[in-house]
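Chain IDs A, B, C, D, E and F follow the sequence of writing; residue 1 opens each chain.
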Amino acid sequence: MENRHISGILEEMTVEDVERLDPNLALVPIGSTEPHGPALPYGTDSFSVEAKCYESIKRANFRGARAICLPVQKISLNNNFYGLRFACRISVPVFMSMVRDIVRFLEGEGIKRILIANSHGGNTDVLKAVLRDMAGEKGIFLGLLPPGPALPASSGLLGKVLEQPIPAGGEHGGEWETSNMLFLKPGLVRKDRIGVYPVNHPKIDSLEECLVTHVKPWHLHLPASAGGDSRKASSEKARAIFEEGVEAWAGLLEELSKAPESATFPF
Amino acid sequence: MENRHISGILEEMTVEDVERLDPNLALVPIGSTEPHGPALPYGTDSFSVEAKCYESIKRANFRGARAICLPVQKISLNNNFYGLRFACRISVPVFMSMVRDIVRFLEGEGIKRILIANSHGGNTDVLKAVLRDMAGEKGIFLGLLPPGPALPASSGLLGKVLEQPIPAGGEHGGEWETSNMLFLKPGLVRKDRIGVYPVNHPKIDSLEECLVTHVKPWHLHLPASAGGDSRKASSEKARAIFEEGVEAWAGLLEELSKAPESATFPF
Amino acid sequence: MENRHISGILEEMTVEDVERLDPNLALVPIGSTEPHGPALPYGTDSFSVEAKCYESIKRANFRGARAICLPVQKISLNNNFYGLRFACRISVPVFMSMVRDIVRFLEGEGIKRILIANSHGGNTDVLKAVLRDMAGEKGIFLGLLPPGPALPASSGLLGKVLEQPIPAGGEHGGEWETSNMLFLKPGLVRKDRIGVYPVNHPKIDSLEECLVTHVKPWHLHLPASAGGDSRKASSEKARAIFEEGVEAWAGLLEELSKAPESATFPF
Amino acid sequence: MENRHISGILEEMTVEDVERLDPNLALVPIGSTEPHGPALPYGTDSFSVEAKCYESIKRANFRGARAICLPVQKISLNNNFYGLRFACRISVPVFMSMVRDIVRFLEGEGIKRILIANSHGGNTDVLKAVLRDMAGEKGIFLGLLPPGPALPASSGLLGKVLEQPIPAGGEHGGEWETSNMLFLKPGLVRKDRIGVYPVNHPKIDSLEECLVTHVKPWHLHLPASAGGDSRKASSEKARAIFEEGVEAWAGLLEELSKAPESATFPF
Amino acid sequence: MENRHISGILEEMTVEDVERLDPNLALVPIGSTEPHGPALPYGTDSFSVEAKCYESIKRANFRGARAICLPVQKISLNNNFYGLRFACRISVPVFMSMVRDIVRFLEGEGIKRILIANSHGGNTDVLKAVLRDMAGEKGIFLGLLPPGPALPASSGLLGKVLEQPIPAGGEHGGEWETSNMLFLKPGLVRKDRIGVYPVNHPKIDSLEECLVTHVKPWHLHLPASAGGDSRKASSEKARAIFEEGVEAWAGLLEELSKAPESATFPF
Amino acid sequence: MENRHISGILEEMTVEDVERLDPNLALVPIGSTEPHGPALPYGTDSFSVEAKCYESIKRANFRGARAICLPVQKISLNNNFYGLRFACRISVPVFMSMVRDIVRFLEGEGIKRILIANSHGGNTDVLKAVLRDMAGEKGIFLGLLPPGPALPASSGLLGKVLEQPIPAGGEHGGEWETSNMLFLKPGLVRKDRIGVYPVNHPKIDSLEECLVTHVKPWHLHLPASAGGDSRKASSEKARAIFEEGVEAWAGLLEELSKAPESATFPF
């Protein structure tokens, strides 16, 4: 047993693995189950975040981190998808309470550094609101990782490998997501349905000029539930992006886990 | 595309698959992530319910049902596990709200027959409370499938294949669960840690004599987080139980999906 | 004053009685107000639980227990009774919050052993959910007594005195409940309306075979709001059952109240 | 059956009684269980409101009203009693939700005229807040009857029969409440403990001069949990007050029940 | 900087002003935005409470108090105004939670003496319910100042200067409120629309005789959203009332702020 | 009356003004009351948003819009300010409920186009979460305007007039906010305390590289509660920014109010 490497993937560990790892950092992956157009499966976001988190945490722990990864939350927020079918959703207040409860559970386990890894764009604002809500809890660091390819700020990779910039053009179910599923779950991609799907925009010009935030009814924005041109998607593109992203996240987990305790962390 | 069989497993389907299946029945699997003793992984309940639901729904739909299965909810209730580490949990009111929201989401999709398949004993009473809570919503049938091997009422299989009856002796992390993981996730079982683990009981005799329900602090009841003798566990035992269980559930899904609409369903 | 025996029935006590008793155990009775068929009053469950709790606690305290009994909560859960008239009800979340508040109030009074005595079948699952909800509160023992005749596990009395087994046949408003009201509140029983009332069952066979829990719309299940054959009901039958039940509960209260303090109680 | 007069007391009625009465007005009695000094029982408020409501509704229905009275809610609000023992209480938001649920239940039964009869001073402000909360529900009339002797506005009886005016001097557990219990529940009154108990007042004069509302910690205000001089209390005083009060309430119930339906009721 | 007098009006102070004042008492003004008839602005209640609080606190602090005044909450409760336009409102439970949060925020700042100054009659009962709700929080004094002219109890000024008594006749938008706006915000008063507006009352006489509290749908009670005769309103009347009121409140703030700390305050 | 221009500022309008304007668009301003360093008042955000909203709506209505502006909500979110004094705050769930209630109130008034104008950075994410929460309410357009100078996307003005870019350097209480208060509330600015205040940043580099969102404890980030160099602040700079911003917002309000009704608005 001594020699077995402990992954940090909680659902695959035993109670004795947990005791040996003695985690001080937790990663909370949040996906979604919702339409991704004619070519991609409903689970696209969940598959994506699970793969990236599980691989990152294994690498970080191999390098000495003490990080643990919860299982993926696969049902989250999609109430702007009411015009499309079976976009799984719970209400915003309940989702927030659920995430808050998970954070409090982790606090109860003695974890003071918590990262939420969210792969679904519809969750981002609400997760930031949870961060605000818990900002008064002293002594806990709670961070949120961005959805999408989520490459490091300094990376130039996306511009090199993708034809379609993100988000404009490389929309939901677009080139990157299609590449990613071709890489992670090729058996679930309907290759014959990869194509170009329309992207609609509001007609009131001053909304954009005045930087007004609003939530788009998805069936008006992307009637096919995916948008953009994915015909240049490939497994190879996703592999390169995945590898660079996982390395960055593994480094983050390692740095956070190894940083000394401090009352003013991360300042 | 015409010829492709549609599984009913939502996270693996595309938006066009959903439109073709046009479901009238939903299955909502609920697992858990919590200590299962030195031999079994934290994800035991989640792996178990996913396998059984996914296989059942595929068979039912192959026979003409129109059933859809949501992804597994892997974080649920474990607040009596506070004496053991990393038993993932949210609070009871939030869990109830989450399940209620999922049922309401399904209602909004036009689904009037909903089955919750729960594999974690710690959730059962609370899910029954959700059923009570929603009992005033006319026109919806909401049922709950039992955890554990969940063989048909008329089956005698358990008594034949298991040495340890359930629950007494064949406790949490016991012979059946160990067999089941050896069958479903052999790579995650620590075979060298399969053994006999203690089971403790309350000392106040009149509690049992008066049929008093109470929730056991799990570390007092099962200090190793698993209990009973699992040395006779085997993949074969689980395979037989799984096959009989899946057939029964497939039959249930088929009957429920095909039953005619009625204002007094299921009466 | 020294010589006066203190009953433990809070609503009949003075502030000085409470100080003298100095309770360490509380009993929380929960009844219901809902249709019980043409012969029995709406208050059947409330009258039943009040009589049993009040008599049990008097006997227990006479034998040296320090137990206190709150007044009966007469409005509880009946939202599956929407097809019958004036089944008093509050919603499940509010009922749960109310019970939780009562338990917390008792904790604030220094009571660490609390028994809920519930006489209404529609409350049982939800009260178990409250027990789950509060299972994380260390140092409190919270138990739930069963509804109905609630004789000791080892008793064979019911089989001897009743014609109609419980629940099948001896349903809601059936032989035992009719006997009990003839015993406790004969003036409120419409003897001319005692008779045989129909009991309906679901038509989907696999629901029962697969052990599916669901909440029956009561007007479909028992159209007269009572069911079974109560013609053999008698006050004498109830008296015998009541006496045996009260003795058992008095013994339980005594044992619980006198058991030494312990961090692992009741283990 | 034809000739039996139907009382309107729900817990004493059968389902067929309810159908025959076909109520259009409901009375919701709310009591309390809390210390009432050395002479009076904890249930003083509950006994008082039950007696008055039950007698009023019987008289009103005898005169042709169609009114129904729910059972008494005996646990309500006492969180300013934290310095005295076993003042039963739930929290303000839960109490409000409970009352709101009861009103909604009654609305669901087709009742559009609802009176809450509350006998506990600690509930009054909060029940008024519930009235505010539900003031946006069109078509429902929801009224609140005052606690205490609650004689008609035009009555001069209190001044004639009581030595101690209410509230000043005739405080909680004072002359009127003691008289009332001697009338309603003489066996529960500790006559040897009837006497004079102290009443304390705040020391900051400008609070009263500026009409500042604040909630008194009860143990600072009435250290014995009762206050004032009750030595002149008698059953006869209470009988006269009760009779006049019951007649007034019966008249109110009758007028409300018989008033024609109107979209602008009671205007 | 040393010499600058610090007003206590938080929104006009800097962080260093707050540190220098080091408050021990807080004033929380609550107004409303709702129709006040054809002559007065929607902000009448907000303007009124802001003027009185700001002037009172300045005077109190000038005399040595350490009091701080929050900004006015201008949206509060008006759900009985559904028949009139744009009466700004949030729901009762949310309003209560908001006030509770503000009180808890002040407690967190070390403030143990808190006065709510409310100028809107529709808020009074609910604010009293908040006081009840927080009555279990030991060590905090939470008081509520009355709406309207709110002169000292011993004042006889109103009877001298007003033609129309309050509330009867000098109703919402009546003589006093009109005078007050002529004094505080003359530019916002439509002087040509000052006049006599109708006041309606319920038709069920026993409601008043039995002292039944109910919330009036405002459009039935005051169809013009103001009522009574305001033709004698004048700025001078309001000035006198304002001056006497401000002096009384300044005295109250001073006495409360200077009173010694005590575990039993204000007893 | 015919000739009077109606501003759209609700608190300054009468009930007849509202009827004449008959609004179809609402503006909901949200400010904050919190420390803004040694030079600026706590009310900085509230003063800023009120001035901009009130001026914009007057101009829009003058040009034919039918827009109404609610009063400013001055207490909002600041729970990351726990290390500084008197940053007024309510909790995130209550704030969200309050905003949701206001939106629902406006919906009840028939308003289908609603803009929230928020001037406090600490509210932005949470207001976006409210937008998500309400994204399932069909037929309502709910938008959020950005805090800060909020000039049009195409404007280059900021870069021309400010020395310190926003946000880096031109932080909270920085050059723009100081200019703005010098312009709007010069009497409340402590000119002798305008200066350079420190801005601290986290020490974990990978947080920024991995684009991790987290909420900074404000006292660690800006120990003086303001940060950056404000010595070049001037009223003139703010005037130019204000004028350009107000014009843009007036145009937005006009376009939104005049756009034809449509089931797919703004698409």
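Everything below uses one rule, namely that contacts are C-beta pairs under 8 Å (C-beta built on N, C-alpha and C of every residue); 3 or more make two chains touch, one makes a residue touch a chain.
None of these values were measured; they are calculated from a predicted model.
K.L.:
Between chain C and chain F, which partner chains are common?
P.N.:
The shared contacts of chain C and chain F amount to nothing, since no chain touches both.
K.L.:
Starting at chain C, how many touch steps does it take at minimum to reach chain E?
P.N.:
Between chain C and chain E, the shortest chain-hopping route counts 2.
K.L.:
Relative to chain B, which chain has the most distant C-alpha mean position?
P.N.:
The chain farthest from chain B, judged by C-alpha centres, is E.
K.L.:
Would you kindly say which chain has the C-alpha centre located farthest from the C-alpha centre of chain F?
P.N.:
Ranked by distance of C-alpha centres from chain F, the top chain is C.
K.L.:
Note whether the interface between chain B and chain C is symmetric in residue numbering, meaning over half of all numbers used appear on both sides, and answer same or different.
P.N.:
same
K.L.:
For chain A and chain B, what's the span in angstrom between their mean Cα positions?
P.N.:
27
K.L.:
Can you compute the centre-to-centre distance for chain B and chain D, using the mean CA position of each chain? Integer Å is fine.
P.N.:
Their C-alpha centroids are separated by 49 Å.
K.L.:
Could you state the distance in Å from the CA-based centre of chain B to that of chain E?
P.N.:
Between these chains, centre-to-centre, one finds 57 Å.
K.L.:
Between chain D and chain E, what distance separates the C-alpha centroids? Give it in angstrom.
P.N.:
One centre to the other, that is 30 Å.
K.L.:
What parts of chain B, by residue number, touch at least two of the other chains?
P.N.:
Expected reply: 82, 91.
K.L.:
Could you walk the ring starting from chain B, turning first toward chain C, and list the chains encountered?
P.N.:
Cyclic order starting at chain B, direction chain C: B, C, D, E, F, A.
K.L.:
Please give the residue numbers of chain C that touch chain D in the complex, ascending.
P.N.:
Spelled out, the residues of chain C in touch with chain D are 1, 10-16, 18-19, 23, 33, 35-43, 46-47, 68, 70-75, 82, 84-86, 88-91, 94, 97-98, 101-102, 105, 108-109, 188, 190, 192-193, 224-225.
K.L.:
Residues of chain A touching chain F in their complex?
P.N.:
Contact set of chain A toward chain F: 77, 79-80, 82, 91-93, 96, 115, 122, 125-126, 128-133, 135-136, 138, 141-146, 150, 152-154, 200-217, 220-221, 248-249, 251-252, 255-256, 259, 264, 266-267.
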